[in-house]
Amino acid sequence: MRIRRRQVLSGSAAGAVSLASGLAAPAIAANEPIKIGYLPALTGPSSSTGVGINRGVQLAVEDINNAGGVNGRKLELIVRDTQSDPTKAVNAVSELTQRQKVSMIFGPVNSGEALAATPLIARDKVPMLHPCWVDELIDVKKYPMAFRQAPTNSQIGGGANHYVVDVLKLKKVAVISDTTGYGTASVNTYVPMLKAKGADVVYTNHIDAANPDLKPEMLRMQSAGAQVIMPWSVNAGFLSRILNTRGAMNWDVPVVGQTTLGSGQTKALLEKPEYWNKVYSNNFRKCCYVDGKLPPLTAEYVERLKKAKIEFADTLLWWVALGWDGVRLMADVFKNGGTKAEEIVGYMNKVKDWPGVYGTVTWTPQQHNGFPDSEVVMCEVNSLKDGAFNLAPGYAS
Amino acid sequence: MLQSIVSYGLAVGAVYALIGITYNVMYSASRVFSFTAGMLGMLGGVLGALFIQKMGINAVLGFVMVLACGAVLGIVTELLTVRPVLKSIEQHLYVLSTLAFALMIQQVTAIEWGTEAQPFPVLLPIGEGWLDQKFWLPLLACAVTIGGLEFLYRYTLIGRAFLAIAEDNYAARALGLPETWLRIASFALAGMIGTLAGFTGAQMLLAFFGNQSILNFYGFVPVALGGMGSNRGAVIGGLALGLFQQAANFLVGGIFAAVAVFAVFIVVLLLRPEGIAGASTARRV
Amino acid sequence: MIMMRAWRPAVRKTMTHHCSGAAPAQEDAMSSEPLLQVSGLSAGYGKIVVLRDIALSIGAGEAVALLGPNGAGKTTLLRAMSGLLPRSGQVRLGGQEMPNANPRATVAAGMAHVVEGHRVFTQLTCHDNLLLAGYGVPGAVRARQVDEALAFFPEIAAKRNDKAVTLSGGQQQMLAVAQGLVGKPRLLMLDEPSAGLSPVLVDRVLAAITQLRASGTAVLLVEQLIEKALAVVDRVYALARGSIVLEARADEADLPNRLERAYFGEGAHAPLDA
Amino acid sequence: MTEITTPIRAGGASTGWLGRLEGKLSWILLGLAGLALPLLDDSYMGTIATRAYIYWVLSAGLNLVVGYAGQIAIGWVSMLTLGAYTTAALAAGRVGPEWPVYLALLAGGGVGAVFGVVVGLPALRLRTFYFAMTTLGFATIATQVALAWKDVTGGGVGTPGPVFPWPFDPGWGFYYFCFLLAAVATWITANIGSSRYGRALVAIRDAEVAAEASGIAKPRLLVLIFLLAGALGGIAGGLFASLQSYITPDAFTFEMSVLFFIGILIGGRGSILGPALGTLILTVLPEIAAPLVQWSTFLYAALLLLIVLVIPGGIADLLDYRNRRPLEQHREIVPRPDLLPRVLGDQNARTLIALKGIRLHFGGVKAIDGLDLEIHGGEVHGLIGPNGSGKTTTLNVVSGYYRPREGSLRVDGSDLPFERPHVRAQWRIARTFQTPRVVGAASVLENVMIGGTVHGHGTFAESMLSLPRHRLDERVLREAAMLALATVGLESLASVRADRLQHSELRFVEIARALVLRPACLMLDEPAAGLSAEEIRRLGGLIKAISRAGTAVLLVEHHADLIFDICDRVTVLNLGKVLAAGTPEEIRSHREVVSAYLGA
């Protein structure tokens, strides 16, 4: 996967189209491309999510431009790879907002970079669309121009907690995470939520993901009487060690948690395929199979992806869908609202039930978290097919 | 729980010990501590997974190829980062030259292999639970290495030549021993031992580019504890470190185990900067 | 100042005289180039030039002592000749040019250098120490040559399987000399073999030189104990201030006085008073 | 007198003036560029420049540790971490009440200073690789603690960085704040670098033993430097936290540490301008070379390797065209002993150094076995004997490198403590070394000035801020050093890098360095080795003149003719004992001495 930074998308077909419309002589300003600042982490230690999302983003931009762009204007994606490094993200923000004068910013994907970039983007008064889940990123007062198309960590945790407590009906829970910002934040948020739901959190810890042996942790969980393990991490190595240790201990306990539990990388690291049984990860209703079938809009999208020969072996459907939705959502905003900051925000504040492949989005002036609780679900990870999973047992179809 | 501490502690300790021996073998021949020790350990896992898992090469052949790559890297280390620095006045710059080389290799690995940990194939599907190969393979490798080194040093002329240049480089040169050649050979040997450590430990540590910095540090602790140049010290220090780390993992858990190891390392260094077998510096003027 | 100036050429004259006297005699005897021929050799450490334009020669089977006060450059000269220290100038052994700064090739060509301070490998056995000295020798011959070297020192032979660290200083020195013999050198260079030894042991070590000479090996001996050295060698060179200041036969009657003058300088008071 | 002083001072001043102009010119240009940058109204450039200034605040301090003191502190990013979290946590009120932001920044500097010393302490005892590992280990601990100590640091979620109020509010205000602090950091580190403290650091790096003999106490000096470097690192951390707007542990990468390090090395060791440029370039470069961004770590590492192997001198060396001008080929050292009274001052009180019953063993070997020796002011005392007879060992006992098992060492009747070599300079005991120990990378003048370190009165803080006492110290010392150089006949080489000198000239540089101390006692260890006959003659004249000016000279020498020419007394050692003592004539005719020399 090689992506040049500041890659400007201009397919030959798109070029021809704009040339043709140029001959039709509309106003020059109206013909300028709309700039979207894009801050994925395409390299560096936690880049697999970014790489997945990027496939959806690139395809969406290509499709929109091929179809003539937005109101005759092409989308121009200004890509700055943050390399999973917050300092790079900070540098990139000032380039995108000040020098490139982008209309909108999509990203960053990773929490460390998103936390650092958001206040700066807000200061420069550029509207932004978040694919990142960290709760702190959305704050209508502090960041009135920031919107989220994805669930928050609270929603993600709420979904998992709901499944553990209400569906599986297990009360004694072990909650662990790695030591990253994402992991620690998750545990800190979810444990009180679990307790509020009446669960008994018998064990909680942050574990260095580089620690090769998780047996001590697992034994402590076991002796604390845990009936279910909820690991919060995006580190496939860490998660697979939990599953491997569970298997080696013959401990028949369900594992419920973050989506990476179901990633191909986690699967590849399992010592035995059956260690993937009784593992339930977060997912999103629109990206899950019900009775072996995806929802119609999603099925159509998967066909489009297959035609474009997008790889699924190492990524997940919802990652690609998230990127795809983000670009299409922004394109709709430009088309219907405009490209000035006030126009964008004004329009976004009124978006209602926008139909995405990844999820339905609704924003109000008071609420910039747009993802509905009802679409946060759990899935059976061992049912992975084409980057998507079966809904976990217990969810009504 | 005790069983887990012991089996796991010894296995990971054996990997640390082997990396410690890697440091020592290079140090004996050149008086250089090389940051490439951890790199070799990391590559042992990555190359093993690449050859056997990805390219589907036969396990035995793959293993030999990994060791060969280690030897080549050892030789390159000597030629590129050690020899030019030893010639210059500021010899301590080897710290930077070897670090730079190790970082370069690490970055290439991160880009070409990826930054995610990847699985290492099960080579010998015998034994379950505590008898799993991931526990005994590093110990076996450690035993074979220390036995092999003992054999080399005791029963072969070239081994005794290694000991000779380690003890008195000047006298060895005066006797006509091929010092340069022996230094290259020792770096090649260290390369093989380092990759052996990574290869046999990769079931536990996975094929992961980030293992480099971990092994660099945890492999050096046994050297600092056992006294530089002492392979037996490194083995004892490595196994002790593995057990200590594992015990700390159980008792305090999480990231505090790492902090505990660092704290012990620094305290021991401050109290006994020369290691246990160290001698005080003689006249300076 | 005048006397100082006068003094230096005077030494050179002595030297020239002896060289021109001795060299033809040797040529007559051997009718070819001597075993070792050093000419125009200069060497030093970094910027410090220790040796300037050294010339000397040693015949086959001849024992020669290299004398001189501290700091004159004797050890430096041996190092430069054996390649442990880079040099400029020529060193020829048996008509063949010795490579610069390559001790391994020098040893292989038949020039062995036993360095100062009985530096044997203390963690190895005596036997292993000697085997290492024969590193360049084919394996089949090596064991035999080690035995032959041990034959010179029965007390070492008796301890051949002990670690060298258990040896006394004198025994370590014998072991070091024996190391020099393993490769059957044509020229053996010994750097202060007597240092730190008791008189009895000094005699034992130096006696080996007589034996060697008898067996046809040439010896270059650096020694502080001049009288003992003179007893076992044919000829002496004296080195002072980085140059050869004297060359003489060992049995010359006036030698001690000449050496004294060569070391201290005859015009010692001259420089400031002038 | 005036005739003598004028050329000497002119020579010293002209190089200094030229050098200062060159240095200042670059700084003025850099400063103007920095001040004018906001005119471009490109806040992207502003962000990058602000980042470069912040990194430089840290690197300016680290430069003293790495470039001057030669300590390989690889993990200095830990100071950035500490400062960032301290400032952020205090300003956000995570510990106690909310602190005013500027006060919180100061606290960040304070925490950095404390931990700078804690991390630096091992450098006093550990060799290079161990120290490098220790700093790396500490950097890891700092990150681990930041992750674990959630109440203060926010753990992995992090914490918002401080926002500085007007006039240094985010944007160009903050830009100017960082610019100002970078300028201050540059100014104080440059002051230190060019002070006796900076010279002492370089001396410790390249000639530790000579530094000690000149009265430089390594532990104290290094602690001060680590304190300063830690404080600057901590302040840089506070600024960094503000620039980042939000800090998480993953912002403090090892790659950053490597970047600081390369910036300094690429700039050149012992320079301020070079590392400043290096840091600037390395911060800006990745922004320009965008397609290579994925390979940046690789390129940094390759650059590091290249610098170490190919251009160890860095940019500073490339800019230093003055030292590439060829030197005159046939130089002659013409000492001017007539200047000695001015160099040495009034030496009416003739010092007497007395060693009594000194015994010293190395393992089982008796190196000195009951030695009595008296060295008188105004005399040259020769010490001769075969190798291993204990001559240099005797020197080292007086210099404080060895503690004898028995015996006493008195200077004018009061006990001189054994060991503690760095106090010798306070007793005005100076020495030279068998192989000259000079700082090759420093100028001849600076080398000589090292010898006068103990005559300075200004404190570290005064030097840092270039207060009057510091400037007076510098002027006096510079003049004294020029005078000493003129005395040994090397004033024309004052501004030349010492490693370009010939061996014989280095011997005289060492003597000049010793003279700057105005020694009551001067010990010379084989000063004639490697000199030509003519040079030895001149050396003899100089040594004799030094003694006649009142200094006690102890001369260890193999050149017998020199000994017999200039010594007033000669002591002959053999096997650690006095074999004979007397006038040169007595010794010259002493049979035992002759035979000891001849080994009969």
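By written order: A, B, C and D. Residues from 1 in each chain.
As a convention for this text, a contact is a pair of C-beta atoms (placed from the backbone, for glycine too) under 8 Å apart; a residue touches a chain by one contact, two chains touch by 3 or more.
Fair warning: this is a prediction, and the values are worked out from it, not measured in the lab.
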If a chain touches chain A and chain C alike, it appears here | B, D
Could you give the separation in Å between the centres of chain A and chain B, each centre being the mean of its C-alpha atoms?
-> 40
Rounded to the nearest whole Å, what is the centre-to-centre distance of chain B and chain C, using the mean of the C-alpha atoms as each centre?
-> 44
Starting from the mean Cα coordinates of chain B and chain D, work out the distance between those two points in Å.
-> 36
Give me the residues of chain C that touch two or more other chains.
-> none
Among the residues of chain A, which are close enough to touch at least two other chains?
-> 43, 179, 206, 208
Residues in chain B with touches to at least two other chains are numbered 111, 254-255, 258
Checked against the stated definition, the touching pairs are A-B, A-D, B-C, B-D, C-D
The residues of chain D that touch chain A in their complex are 42-44, 46-48, 51, 144, 147-148, 150, 155-158, 160, 170, 243-251, 253, 255-256, 287, 290-291, 293-294, 296
Taking the complex as given, what residues does chain B use to touch chain C?
-> 157, 160-161, 163-164, 167-168, 170-179
Inside the complex, what are the residues of chain C that reach chain B?
-> 82, 84, 103-104, 106-108, 112-115, 119-124, 128, 131-133, 135-136, 139, 179, 183
Contacts from chain A onto chain D in the complex sit at residues 4-6, 43, 81, 83-88, 90-91, 93-95, 97-99, 111-112, 115-116, 118-120, 123, 134, 136, 179-185, 188, 206, 208
Chain A to chain B touching residues, read off their complex | 43-48, 179, 205-208, 210-213, 215-217, 219-220, 235-237, 240, 248, 265, 268-271
